[in-house]
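In what follows, chain A forms one complex with chain B and a second complex with chain C.
So, the complex of A and B:
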C-alpha cells in the first residue's frame, strides 16, 4: 500500500526529470551537429525557473483550466506505463486507457489556447489536431497487432511475455515496430513533424499567447510527451527492462536516433505529413496486423 | 551552471533565471537584424549563454532594437514592448536608436528612442561587431545582478511622461493607457 503511494508520487517526478534531461540533451546534441558549443544541459530547467517567475497574462478561465487538463492527462498516461518493473496503476486494460488518454493531451492544449483569439493559434491547433489524427490511425493498428499477438490488453503482461525475445525481432511483428519508429517523430513533435509549433512560420502556433507560468506548464507537458512516446516504444517493442536504469538507457538510445532525424530533416507541410503518415506507417502496420492474425 | 553559483540560485532564483535565460524578441527594424543570424548560428553561438530567439513577445524577456526606428515602426515597438511580460530588458543596438546616427536630420525617424520606451543599455557602432553584443550581454548580466536593469519598473512609474512623448510623436494612440497615469509622484 505504502509502496504504491510512493510509486504514484515518484513516477511522475522521475518522468519529469527524464523528460527535462531529454530536452536539454536534444538542444545540446543539435548544437554539436550544427558545429556549435551549445547551451548547458540544465538550460530547460533554467528556462522553466525564468518562466515561473515571469508575469503571466491570462485570457479567461478555460485558458487556465485547459492547460492543467492537458498536464493532468499526461501525468495520468505516465502512471499507466510500466517503467522497468515499476507500474503505478497496472490495470488489466492498460493499453486501451493509454490510447484514450493520449488523445486528451492535444485536446487540452487546443481547449486552452483556443481562448486566446490569435490567428496563429487557430492554425497551430488545427495542425496539431490533424497531426494527432494522422498518427492515431497507425498507432491503433500497431496496438491491435500487439493485442492479437499476445492475447491481452494489459501492457504489463505484454512486457512480461517478452522475456524470451523482443517484439521488434519477432517475425511478423517487426513490421509494427518499424511502423512505430516511423510515427515516433510525430508523437514526440520533433522536426519532420513540428509544423504545429513552427516558430518561423506561425510564431510557435498554439504557444504564441502563452507567457510566464503557462509556458512553464507547456514545457513540462512537452517533457512528459517525450517520455510517453519513448517509454511506450521501449515497453511494447524493446522488451521493457528489469530495472529503471536499463529502461532509461534504452529510451536514451531511441531518443538519440530521433534527434539525428530531427537535426537533418526539414519540416513537412501538414498535407505532406498526413500523406506520409497514412501511407507508409499505416501500410506497414496493416501488413503486420494481417500477418499476425493469420499466424496466431 | 557553475558550482559556486548554487547559493546565488537558492537566494534569488528570479534574478538568476532571467539572467541566464534571455529570450530575445528580434524586432527587425533597420539594418541591424542582418547582424543577428551570425550570432545565433555556428560562428558565434549565442545559445551557450542561454540566448534564443523567441517567436512571440509573450515568451520573450529581451528586446533588441536593431537599427533606426521610423515613426511607423515606433508604434509597433511600443506595442511589442507593452506586450512583453515583466521582468523585461531592452537593448538599443547600433547608433541610430541612440541619437539618430546617419539619419540625424531625417523628418521621419526617431532620434532618441529612450524618450518613448525605457532602454537598459546601448551598443554603439554602425554596425556593432558580434563580439560587442556578447560584451553587452555580460554587462546586462552585471546590471541584472546589481538590480539596475529596472527599465520596466521605471516605465510603470513614469508612464505619464512616456505616454506623453508617444502621443506627441504618433498623434492619438488607439489603445488605452497600460498603467495608471501619475503626473508626479507623491511627496515631490
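So, the complex of A and C:
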C-alpha cells in the first residue's frame, strides 16, 4: 500500500523531470544541428519558474478550468502507463482508459483556449483536432493489433508478455511498430506536424492568449505529452524495461531519432498531414491488424 | 397496485390536460408537469416486480395483456423521466406559441403510448400502441409547419412501411403458433426451422430498424429531428427512436431467444455478426456526416443515428458484456441526447430561433448553466471518463476487442473521434469564441429550462462515477435473457481480463486538478480581460468584421465531403418520385366522363368472360 502511494506521487514527478529534460535536450540538439550554440539544458525549468512570476491574462472561468483538466488528465495518463516495473494504476481499465484519457488532453486545451476569442486560436484548435483525428486512425489500428495479438486490454500484461522478445521484432507486428514510429512526430506535435502551433503563421495558434503561469502550465503539459507518446512506444514495442533507468534510456534513444526528423523537415499543411497519416502509416497498421487477425 | 393505473393515468392525464387548457393555461401547465412527474413516481413503485395480467380475451381471441419485468421497467422509468423533464422544459419554450393545448395533449399521448409499448404483453396491443406512437410523433414533428410538413411526411411514410413489415411478422407468427402472447410465442418458436426464424427476424428488424434509424433506414431522422419543436426533439431522439432498440431486445432475446438468435448463420458469418456490421456502418457514416452540419439540431440528429450504431453492436453481439454495454448505452444516450437537445433549445429560445452554428458564439458568459449542460452532454456523448457514456462504451469496446472483432472495434473508436470533433465544434461555435454584437443582451435561460438541464447533467455525472447503480438493473435484464451474470460493484465492473474502476480515475483527476489549481492560485494574479483585448500581433483583433468559426474544419470537410453523399436518401427519393409519376399516370384513368367509365366496365366484363373461357379451355 505504502509503496503504491509513493509510486503514485513519484511517477508524475519523474515524468515531469524526464519530459522537461527532453524539452531542454531537444532545443540543445536542434541548435547543434543548426550550427548554433543553443540554450542551457535547464532552460525550460528556468522558463517555468520565470513564467509563474509574470503577469498573465485570463478570459474567464473555462479559460482556467480547461487547462487545469488538460494537465490533470495528462498526469492521470502517466499513472496508467507502466514505467519499467513501476505501474501505479495500470490495472484499472488498461489501454482503453489510456486512450480515453488521452482524448481529454487536447479537449481540455481546446475548451480553455476556445474562450480566448482570438482568430488564431480557432485556426490552431481546428488544426489540432483534425491532426488528432489524423493520427488516431493509425494509432487505434496499432493498439487494436496489439490487444488482439496479446488477448488483453491491460497494458501491463502486454509489457510482461514481451519478456521473450520485443514486439517490434516479432513477425506481423513489426509493421505496427514502424507505423507507430511514423506517426510519433504527429503525436508529439513536432515538425513536420507542428501546424497547430505554427509560431510563424498563426502566432502559436491555441497558445496565443496564454501568458505567465498559463504558459508555464502549457509547457509542463507539453513535457507530459512528450513523455506519454514516447513511454507508450517503449512499453508497447520495445518491451518496457525492468527498471526505470533502462526505460528512460530507451525513451531517450527514440526521442533523439524524432528530434533528427524535427530538425530537418519543413512543416506540412494540415491537409497534407492528413493525407500522409491516412496513407502509409494507416496502410502499414492495417496490414499488421489483418495479419494478426488471421494468425491469431 | 395494478398496472392499468399507469396507462389510465398516462392516457387520461393527457386528455384531462387538454380540457384544463380550455379554461386556464396556468392550471394546464401545472397539471401537465404534475401528471408527468406522477408517472415517474408510479413507475418507481413497480421496481423489481414481475406482474402479468390478462385483462380481456373475448374479441376474436385477441388478448389484452399488460406485464412488467425488469426490461420493461427499465425502459418505462426512462420514458417517464424524460417525459417529465421535457414537459417541464416546454413550459417556457412553448409559452408564446399558438395551439399549446394540442401540443401538450400530443406530447403526453406520445409518452403514454410508449409506456403502453413497453408494458404490453401481447403483440396486438404492442402493435396498437406502436401505431399510436407513430402518428402522435408525426403530429408533433410537423407541428411547426413549413419545412416541418415535408419532414413529417417522410417520417410517416417510412414509419408506415415499417408497420407493414411488422404486421407481416406478427401474422406469420400467429399463423404458425395461434397466439399473440409473447411468452407463448417464445415457447413455440423453439422448434421452428431456421429459415422461418430468419424471415421473422428480417421482418421485425426492418420494422424496428426504421424507427431506430439504423443505416440504411435512417433518412427520415435528420429532417424530423431538426424540424420538430425542440423539447419534443429531446423525447424523439432520447427515447422514441429507442423503442426500436426495445423491439430489437424483445424479438432477439424474448421471442426468438438467445440460443436460436446467436446460432443463426454459417460459422463466423453468423446473423448477429452481420447485424454488428450494420451497426458499424451506422456509426461511421452518420458521425462524419454530422461533422459537416452547420445547423445545431441537424448535427445532433445525425449523431443520434451514429450512437444507435453502438447500441446495435452492443445488443447484437450476444455477449453479456456487450448486452450490458448496449442497454447501458441506450440509457445514456437517452440522457445525454435529451440534455443536448434541451440546451440547444435554450439557446434557440433566448436568441429567438437561431441555431446556425456559423452565426452564434461566445454565449458562455451569458448562459453559464446552459453551457454546463452542453459541456456535460458533449463529454458524455464523446465518452470521456467520469461521465456515464464512458462506461457503456468501455463495455462495448472491451467485449469487441476480447472476442476478436478488431475491425468492429476500429469503427467504434473512429466514431468516437468523429464525435469529439463535431461536439467540440458545437460547443465552440455556440459558447466559446467571440460574442457577436447582436447577442450582447442575451439573458440566461429561465428556471424551468435550467432545472431539467441541471438534473440531466447531475444524473450523467452520478452514473459516470457510480456506474454500479444502473448496471445492477441492466445485469438483471441480461440474466433474465439467459446471459451470464456480470460481477458488478458500485464503482464499475470487475473481471479477470481488465477491471474498470471509475472511482480510481475520479480520485486521480480530482487530486491532480486541485494541485494544479493551487499552483495557478500561487503564482502572480491573472488579470481578467474582455474579448476585444486579445493578441493581434500589434493590430487589434477586429470584432464582428468576420466570424472565424465559419466552416470550422474546412480543410478536412473538403477532403471527406465527396465520400459522404447520402446515396440511400437519393435512392428513396428516386423511388418516391417514380411512384408519384406512376400514380399520376394512373390518375388519368379517372376522366370524369361517364362514357369512359362505361367502357371500363365493359372491358372488364369482357376480360372476365375471356378469362373464364380461357380457364375452361385449359
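Quick notes on this one:
Just so it is clear, the second predicted complex is superposed on the first by the 295 of 296 C-alpha atoms of A that agree within 3 Å, B and C clash if a C-alpha of one lies under 4 Å from a C-alpha of the other, contacts with A are read in each partner's own complex, and residues count from 1 in each chain.
Methods note: a residue touches a chain if its C-beta (ideal position, glycine included) is under 8 Å from a C-beta of that chain, and two chains touch if they have at least 3 such contacts.
On a predicted model such as this, the values are computed, not experimentally measured, just so you know.
Counting residues of chain A touched by each partner, chain B versus chain C, the larger count belongs to C. By the touch criterion defined above, A:14 lies against neither chain B nor chain C after alignment on the C-alpha atoms of chain A.
Legend: residue contacts after superposition of the two complexes on their common chain; A:271 is shown touching chain C, with no touch to chain B. Applying the stated contact rule after C-alpha superposition, one finds that A:27 touches chain B and leaves chain C untouched.
Contacts of A:154 after superposition: chain C is touched, whereas chain B is not reached. With both structures placed on the common chain, the touch criterion links A:122 to chain C but leaves chain B unconnected. Once the two complexes are laid over each other on the shared chain, residue contacts for A:141 go to chain C alone; chain B is not touched. Of the two partner chains placed around the shared chain by superposition, neither chain B nor chain C is touched by A:254. Applying the stated contact rule after C-alpha superposition, one finds that A:101 touches chain C and leaves chain B untouched. By the touch criterion defined above, A:37 lies against chain B but remains apart from chain C after alignment on the C-alpha atoms of chain A.
Within chain A, the residues touching chain B in one complex and chain C in the other are 52-57, 203, 208-209, 212.
On the chain A side of its complex with chain C, the touching residues are 8, 12, 52-60, 62, 64, 68-69, 71-73, 75-76, 79, 89, 91-94, 96-97, 99-101, 103-104, 107, 110-111, 114-120, 122-123, 125-126, 129-130, 132-133, 136-137, 140-141, 144-145, 147-148, 151-154, 203, 208-209, 212-214, 216-217, 269-271, 274-275, 289, 292-293, 296. For chain A in complex with chain B, the residues that touch the partner chain are 27, 31, 34-40, 42-43, 46-47, 49-50, 52-57, 199-200, 203-204, 207-212, 215. In the complex of the two chains, the chain C residues touching chain A come out as 362, 364-365, 371, 375, 382-385, 390, 394, 397-398, 401-402, 404, 406-407, 409-410, 413-414, 416-418, 420-421, 424, 427-428, 432-435, 497-501, 504-505, 508-510, 512-513, 516-517, 519-520, 522-524, 526-529, 531, 533-537, 541, 548-549, 552-556, 558-559.
Only residues 1, 13-14, 16-18, 20-21, 23, 41-42, 45, 47-48, 50, 53, 55-56, 58-59, 61, 85-87 of chain B touch chain A when the two sit together in their complex.
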